[in-house]
Amino acid sequence: MGAESVQHLAEAIERMPLVDHHVHGMLPDPSEAALLAALTQAGHAAPPADVFDSAQGFALRRHCAPILGLAPFASPADYLAARRALEADEVARRLLRASGIAAYLVDDGHRPDLLMSDERMARLAAAPIHRVARLETIAEAVLAQCASGAEFVERLGPALDAAAAEAVAFKTVAAHRCGLELDPARPTNVDVRSAADAWFAEWRAHEASVGPAGSVDDAPHGGHAASVDDAPHAGHAASARPRLTDPTITRHLIWWALERGAVLQVHAGFGDADLVLEGSNPARMQALVAATAGTGGRIAFLHCYPYVREAGWLAHVFPHVFLDVGLAVGFLGANADSVVRESLDLAPFSRVLFSTDAWGVPERVLLGARLWRDAAGRVLGGYVTAHGWPVDEATRVAEGIAWRNAERVYRRRFVSR
Amino acid sequence: MGAESVQHLAEAIERMPLVDHHVHGMLPDPSEAALLAALTQAGHAAPPADVFDSAQGFALRRHCAPILGLAPFASPADYLAARRALEADEVARRLLRASGIAAYLVDDGHRPDLLMSDERMARLAAAPIHRVARLETIAEAVLAQCASGAEFVERLGPALDAAAAEAVAFKTVAAHRCGLELDPARPTNVDVRSAADAWFAEWRAHEASVGPAGSVDDAPHGGHAASVDDAPHAGHAASARPRLTDPTITRHLIWWALERGAVLQVHAGFGDADLVLEGSNPARMQALVAATAGTGGRIAFLHCYPYVREAGWLAHVFPHVFLDVGLAVGFLGANADSVVRESLDLAPFSRVLFSTDAWGVPERVLLGARLWRDAAGRVLGGYVTAHGWPVDEATRVAEGIAWRNAERVYRRRFVSR
Amino acid sequence: MGAESVQHLAEAIERMPLVDHHVHGMLPDPSEAALLAALTQAGHAAPPADVFDSAQGFALRRHCAPILGLAPFASPADYLAARRALEADEVARRLLRASGIAAYLVDDGHRPDLLMSDERMARLAAAPIHRVARLETIAEAVLAQCASGAEFVERLGPALDAAAAEAVAFKTVAAHRCGLELDPARPTNVDVRSAADAWFAEWRAHEASVGPAGSVDDAPHGGHAASVDDAPHAGHAASARPRLTDPTITRHLIWWALERGAVLQVHAGFGDADLVLEGSNPARMQALVAATAGTGGRIAFLHCYPYVREAGWLAHVFPHVFLDVGLAVGFLGANADSVVRESLDLAPFSRVLFSTDAWGVPERVLLGARLWRDAAGRVLGGYVTAHGWPVDEATRVAEGIAWRNAERVYRRRFVSR
């Protein structure tokens, strides 16, 4: 098994369509500040050097610069200038299409007001968009329209059903709200009603102190643009929306999604500083995962860094657990191999998925795809050369991660063939 | 230091006898379902694809297939057919002997009723078997015969002594029962008596509700065959045996074993889903480890994944701590290097042991041995080429892990020479 | 990008000056026992085999032996003999100078009575020494001179100011005392006064039981020499000094340092067994880190193993967080690459620092420097060959870690040019 086999594998991976099973929408015309903000998980306005002098920044200069007509590793200043010289749509078109992503599953739970329409993104990307409905966002929107906790409980079910009708999956950001260490028991109706009353009261008290929701406009999109999973620090206005942190209602939403046999995406591992890192460890959710094994629903842990090995174990011992290392691949750049490798330690290969978790800017889409192809080629290529894996078997494993596993878990055809 | 040195090292590792210091018995004639179940830590009946399309499954097809007369990477169907075409004893004989394991330390704490006799396994393997006594199993057997907590306390000591007379070490599955974060203090007699009373009362109440132990037969051996460290989900009958989860009695057993100067094997890190992963972190046991440093007993943390680095630190700072990465090596397949490497980070080299933790099927024995030899050859070979380690020093490190360290910690000669 | 580029990078890294931003003083003439003790984090007197047959021990034989005139991998006996045959100052001079360290930031908080003067160390090393003041040591010295908690509160501020006047940074060993999971709130004056009263009372009660501080001499320097961050097991005499474990006073000290805009070094991750490993996870300090982001102070997490990825995330999301992997590089030897690589996963490259954390013996200084240069050369060299990083960019990243980032975070010129 020599260099030629590895080359064949790399070429096969290069040609594979990808299903990005967790991504977000794109900003229509990001300012330079918005671009930089979208390239970090920092909540503060990170200086350009923090963004560019990093593993992700180096990968961006290497892989995105040529797509804008520059040499690899063009300087940050040249990159920004080249980006400005092109229309935003052209930048997006080039980068999105170069990713080779054949379908996107878009979570619209964070600042959809800032993002382009699905239609425009689909046209620029030349790929269809499917929707992932964020449970917390649905619950918050319902509460904002209710006059009591009881009304919330009454209206929640229909709102979830309506969202389900348009979505291929659900998503929870419990990691950002109450952490993943959740009581495994399905909450009773009484539990949910009581929690809804308390949340409603808290929200009403808050609203009284800051004025009604919508009475002030959102602060301009700031340095936290990449904080796609939550927005507590988006200023006064954002905090004037109800924010679900109650673990009982969160568990109710999780059970609801799983019991209807849906796929539930669970943010796990790093993200922005609004989550408590240790509380985002997927292993913290073990009891709830065990309790829901018989529901017919599936759980997809997203990202998982630095808890990839823990997530792989959950996929090994539970029949309904899947994982990806999407956000980590994009940020780790030259060390993306490490998480691609760890994701294959214990998880059955059919449980590993591909995502970019990009938000706002197409650079992150391209990087997620480009870095995954390269890392998968190196990791699986090493297994071919050092461990005798047949190239066609390694290719099959890669193809599963790239798109076939996503079609199986979501029970949809995403890739036309 | 070039390719030739590494080749010499690999050949030396290939020839080394191995002492498998933690393994279990073999099923006499496993059905296909039992084989598959023994190849996973999943508690559900994992589909064949989950078992074969995994790091361990690929390693099995690569390394076990040729031993059954097939080409490497024969298909799962061909492998299963070839296995059926041979007598079970012949499969076991070939795989066990190909492992090069010169002695086995067998923990019989899980479903010994299903397993072949020591004599038969020793004959098939052409290697002696030594016994490891599982503390929880002893305590449970005692309780089942007692009429009170007081009687339990009275009879426990003699039962432990009797087990000790036939065993080279003890084992605890505290990770599966109460987690490793145990109060470090040695329980007083009053503590133990009080805990025994409570356990007895609970057991008596349970027995009254489900009928006496032994009145129903065990459910057929199901999908949890590899769950070798515990059996709470083995159905009605198994749950009709007393089950020790009380931390006070567990600590009493641990202190008892260490104070008599024995080696105590401690399951740590992943296993089946009956343990809480974070509670199996050996670092959680730090206080108890510290408290027992002066007892004369030694602690061997088993497996440890993904907490190998934590276990290595415990071995570094405490004089009586040892570790292995056995279960992880067998399951990680092509990525076994990662845990072999981490196990050498902080631990003195004399504290690292070899095990397979195989249960039920000889494939796991062969894989544990084969993958360890290959991983050790690559990791230490890399240290020879990139770090100038003399080949004879690297060989000495490997030999320690393979068998010499086991002879030192267990204070027995296992390898004839 | 071939072997030549990597060679250029390695040569550039070889020539770089290093700023060791966290190190300790040297023993003037260590006995063999003191040498061995200084080479381990074990609290017991580790046998020579534990010290030499380890990743660090092999690195020592490889890299230090030639500096004493021996062949690489000279035997431990030959190494010890060669060391004895030379004057201690000559050993120190050779090893310190061979490290290429251009400036040392010395934390004198552990057993300064045993160590040579700064002037002597600076002369032997041919490099300037700057001081890092350990907050707990200052507080303990103040308490020992006070007649009440109120007096402690009154005298603490001036003592800290005096220390600050002579130091370039502060250090906390909170990980060894109360763990890093600290309440984020700045303690009020009332909180501090109340905690000071309690600490004073406890200390006075303790003093009454063991006799006044200083009335007995310290026990001879024992097997815990490398336990540089704490000394609770240094025998009767050491325990006759006040020992700060109170989290409120600790938080007060941390806030004080950060609010004056200083750099606060925070021990994180492994060390000796006096810390609880999980409590040393820098992620445990997340809330306090978040609360202090606006103070103007900077936090440098030291060592961090095995929580390097967690520390990198903190550096990514917070503007004032830095990290090093110093102690781990020195101990991991041939596997130092792993932590150097992980430190670059998420942290902006400008937030990664170099240290040795050596205490007592110059071998650890040499190893910290030698192993870092080699590991950085391999890791960054791999990024050049496999990821197309331009050599000058890789060199710039290395140079930042080697010394430039230290000059930026400490706002001082350390390297003459």
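Letters A, B and C name the chains as they come in the text, with residue numbers starting at 1 for each one.
As a working rule, a residue touches a chain if its C-beta (ideal position, glycine included) is under 8 Å from a C-beta of that chain, and two chains touch if they have at least 3 such contacts.
A quick map from chain label to UniProt name: A, B, C = Amidohydrolase.
Computed from a predicted structure; not experimentally measured.
Asker: Please decide if copies chain A and chain C contact each other with the same set of residue positions, more than half shared, or with different positions, and reply same or different.
Answerer: Both copies, chain A as well as chain C, present different residues to each other, with under half of the numbers appearing on both sides.
Asker: What rotation angle superposes the Cα atoms of chain A onto chain B, in degrees to the nearest 5?
Answerer: Superposing the C-alpha atoms of chain A on chain B needs a rotation of 120 degrees.
Asker: Starting from the mean Cα coordinates of chain A and chain C, work out the distance between those two points in Å.
Answerer: 38
Asker: For chain C, which residues are shared contacts with two or more other chains?
Answerer: In chain C, no residue touches two or more other chains.
Asker: Show me the residue ranges of chain C that touch chain A in the complex, using the header's touch definition.
Answerer: Answer in residue numbers: 281, 283-284, 286-287, 290, 293, 309-310, 313, 316-319, 341-342, 344-350, 382-383, 386-390, 393, 397, 400.
Asker: State the interface residues of chain A toward chain C in the complex, per the touch definition above.
Answerer: Within the complex, chain A contacts chain C at residues 40-44, 46, 49-51, 53-55, 58-59, 62, 72-73, 270, 272-273, 276-278, 305-306, 331-335, 338, 378.
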